[in-house]
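Presented sequentially are two complexes of chain A, the first with chain B as partner and the second with chain C.
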Partner chain A sequence: MSDLKEVIRQYVIDEYLEADSDQEITYDTKLISGGIVDSFSMVSLKVFLETKYKIQIPDAKATPEAFDSVNNIAKLLKEFGIE
Partner chain B sequence: MAYSTELRNIFQQELESIQQAGIFKEERIIHAPQSSEIDVVFPAGSEKKHVINMCANNYLGLSSHPEVVKAAHEGLDYRGYGMSSVRFICGTQDIHKELERKLTQFLGTEDTILFPSCMDANAGVFEAILSEQDVMIADRLVHASIVDGMRLCKAQQDTFKHSDMDHLEKKLQLHQDKRSRMIITDGAFSMDGDLARLDKIVELAEKYNAMVFVDDSHATGFIGKTGRGTHEHFGVVGKIDIITTTLGKALGGASGGCVSGRKEIVELCRQKARPYLFSNTIPPVVVAAANKVLDIISQTTERRDKLEKNTQFWRKGLTEAGFIIKEGETPIVPVMLFNAKLSQDFARDLYHEGIYVVGFFFPVVPKGQARIRTQLSAAHEMSHLEKALNAFIKVGKKYDILHKTKEEIIEKYGL
Partner chain C sequence: MSNMGSYEEKVKNFTWQIAERELGYQPGQVINIGYYCSDRICEMGKGDKLALIWESFSGEIKKYTFEQMRVLTNTIAHYLKKLEIQPGERVCLFMDKIPELYFGFLGILKMGAIAQPLFSAFGGESLFTRLEDAGTRAIMTQKKHLGKVRQIIDNLPQLKYVLVVDDDGSKPLREREIAFGMEKESPVEKFDIYPATAETPSVLHYTSGTTGKPKGAQHVHYSLISQYITAKYVLDLREDDIYWCTADPGWVTGTSYGIIGPWSNGITQCVLDAGFTAERWYKFIQDHKITVWYSAPTAIRALMKEGEAPIKKYDLSSLRHLCSVGEPLNAEAVHWSKNVYGLTFHDTYWQTETGCIMISNYPGMKIKPGSMGKPFPGITATVVDLKTHQPINTPGVVGLIAIRPGWPSMFRTYWNNERTYQNKFVNGWYICGDRASIDEEGYFWFVGRDDDVINTGGHLVGPFEVESALLEHEAVAESAVVGKPDPINMEVVKAFIALKPNYEPNDMTKLDIMNFIRKRLSPLAMPQEIEFVETLPKTRSGKIMRRLLRAKEWGEEVGDTSTLENE
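Our next item is the complex of A and B:
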């Protein structure tokens, strides 16, 4: 599970932060409600998860709450058998 | 009763939370035609105030131009008030087709279809031409109407960091398995005033076999040597597959929008785009005036040239005075204040000095990026801009933000 969380965390850093950003991303950092990922660019995170883990996340489950932290995302992926 | 007291209270609480967050918007009532100088009553019940308008999309000063107004009057007499119809039933007049031809010629495309607004054009175009086999790859700062339009479409969505061509290239590589790829961007970004690098975007599109979509609403009429838009500025006329733009900004400021581009795409919009199929046609009065606007801007570049000079003066003046502005060359000039309350107080004080601007803050712009977005017009004379600049400097001194860094302003006022 910690490998999974680290993969997600690193993707968020690469995908959403500028190279010179000093924003810290922990497994609990609020990604959407904290303004790091907006609800529009969140789709890129969904694309990454679906492509990497070969799953389809229904729109009803791909909510800002479900994507609001690395921990939340890992919890969502567990529903698809990804740990 | 369906609208119960309980429901009323829920909505009331939501309104109160918006007010408490300091992001409640209020309309200011204008008692004049749109122009460089207007009369405003704000707050309600106060004396009418004569102010210089620095926040209209009236880039070419045509919103109340006598020739445009005259053409509108003639249109009312010649072709009536309303069509009471969508386009395809009995809502297409000869003047609608004339306007579509003029836009096609002006923008350098194959065909054009009018929509009731550019918001409608953006809402309708993606769903009309793309399927789940395709992917849309959008700049993260595209206009809200594009976000909405993408969400209505079944194609996959992805985004790239604002104007980051390396990131866009990675996304294009990632999506080579799709039937088609569409790169989506604003031409001129409405909040920052910067231009999309269309030359590089077209290069990547050709390399990775992708279409290019540009919403040029804040560029049509004045960006580029002859005002054709961002594509002219970057030397890629004829290489943009879809341009959407509005008649509601530089091109008269009334209403209306269009999709202009490859003829098959435009025809698919005519056959399938829902806002085109189900919304009323643009009224004849607006079409007649828009036709006149296209004639004016096709015959001379004097208005866009004057706008360019005004923009250079304004940007230089603000920079030398010590304001932090977003760099660029468009007449959209954000004065960065970072703190939402500061942007509102600053705008209020400028209003007292006779300058009408509005503070922009979350959610219109990201948190911590509050600003006053100034917009130049060809209707501004030097005397307007000098007065406005002096007012900005006076208020800037009051809040002690001149020649300060972003960090110093944030330290003083917070985020």
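Our next item is the complex of A and C:
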């Protein structure tokens, strides 16, 4: 599980923060409500998860709350048997 | 009784002089928006009233009175003047929704420069295009966005100053960069406000078109007249209201009704600098006892998706008036809001170019769910024939929405592009570029855009800009970008892409292209869907037939295909 969370955390750092950003991202950092990943960019994060873990996340489950932290995303992926 | 009272009576008796009188303005006098939004409110004895209640994503709250705002905007204006920024020069605001953005806007206007707000999620290329076109002299930004400015500044010789509003000294600043903390500077109690007159340029808002680069719609200080009175009549703002406009000032709603409209009326407004989640928004309404809420159909539909459960957790009883803008508000959303909030969202229609609300539903007027409403008093609107541009007098017939020019907040030109500006006027009408019909009772009904511009979440995206950026991706041979229907955002960007040889049409390539556009242009412009194709439909002269692809997405008739290359 911690490997999974680390992969997601690192992806967020690499893709959604500016190169010289000093913002810290923890597993609890608010990604959507914190303005790090906006609702449009959330789609690319969803595509990343689907591609990486070979799953399809239904739109109904891809809510801002479900994507609002690395921990929340890990919880969502658990529903698809990804740990 | 609403501020407007009877719509029919107001239509009969309305003149823009009503607003001029209420603001104490007479033609030919000085009219500076910065003054009217801060100093004048203080002179009216409301200096101790709260102007801004700001909350960050982490829950930090800052409050500013009109008097504090007056001094802070003076301080910003003074600092810019000290840098020898000249009246009429463009100063860009490239920030999240922090207090410096709102006060910076008024500070720029107070010293006579033109405020150029840009959406902080723009990538380097989007930023560069707009700064280069405007010949921007200075930019106010945050540490977190400095990287994007640094990427492009070497190619912007006219950009002399980069003001970093939250620099903490942890990293060295570079040439042209200056640390400027508005609350760290000595407060400037008295500032000689620039004596702007009615036609003095005030704001430059960029908007996208079907072809070419984004265009800068230039507004003037006299726009205040329309923005003040529409905020009063349509948003129905009153002395004791707590108002929340969810729009970002990078877009016109965020300045016309997120700064000028409410503050020229002396209203307290709240700003939430956080991303969207239903619970956070409801908590914000509850905590600050918001009474008037101006939002967008995309947000309303996203709230609908979350259902009623989060609503039940919060006390939303302070709300008394709801409005919506950005794209047509569907009837279902109007019914839903009535059911769950006990209040109906009032749809409003206008554009970057119009500067203020043109057609709307008003408090007290019968609402036909799904309709745009009726023209604001003082606005002459109609629909004109698609080809002849003559007004259509038959109810229900679709034409182009057209407005008779002359309202105070009408844009005055497109920056560096007077010819395109002139082309927007035909037969004495300003042609909005949207299709609609009018029913027997005078209500307007939106049909859609009359061009290829994509309206996603209330923001316009030009397909040409996205296609041009896509060609810069190493894997893309050619592309066509269209709007695809979307239940939340009305439309989203979809790209049809033919890859160069040796590139695989797989999910990793898709993701790479999506992220490329997101960073280069903006998240709004990022294709939410990519379809790889062998070839794109073209005319015999080689022009990509975007309309065929769009028709396919919308399930419409493809129309005439006689010029199709492979027919």
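Here is the rule we use: the second predicted complex is superposed on the first by the 83 of 83 C-alpha atoms of A that agree within 3 Å, B and C clash if a C-alpha of one lies under 4 Å from a C-alpha of the other, contacts with A are read in each partner's own complex, and residues count from 1 in each chain.
Quick note on the criterion: a contact is a pair of C-beta atoms (placed from the backbone, for glycine too) under 8 Å apart; a residue touches a chain by one contact, two chains touch by 3 or more.
All values reported here derive from a predicted model rather than from experimental measurement.
**Q** Would you check which partner chain A:D38 touches, where first means chain B only, second means chain C only, and both and neither mean what they say?
**A** Touch partners of A:D38: chain B and chain C.
**Q** Just chain B (first), just chain C (second), both, or neither: which does A:E65 touch?
**A** A:E65: touches chain C, not chain B.
**Q** According to the contact criterion defined above, which of chain B and chain C contacts more residues of chain A?
**A** C
**Q** Show me the chain A residues, by the header's touch rule, that chain B contacts in one structure and chain C contacts in the other.
**A** Chain A residues touching both partners: 18, 35, 38, 40-41, 43-44, 47, 51.
**Q** What residues of chain A sit close enough to touch chain C in their complex?
**A** Touching chain C: residues 15, 18-23, 30, 32-41, 43-44, 47-48, 50-51, 63-65, 68 of chain A.
**Q** If we count contacts the way the header does, which residues on chain A are in touch with chain B in the complex?
**A** 16, 18, 35, 38, 40-41, 43-44, 47, 51
**Q** Mind listing the chain C positions that touch chain A in their complex?
**A** 57-58, 96, 121, 144-148, 170-171, 273-280, 302, 305-306, 456-457, 507-508, 510-511, 514-515, 518, 523-524, 526, 528
**Q** Within their complex, state which residues of chain B touch chain A.
**A** The contact residues of chain B facing chain A are 138, 140, 147, 156-159, 161, 174, 362, 366-368.
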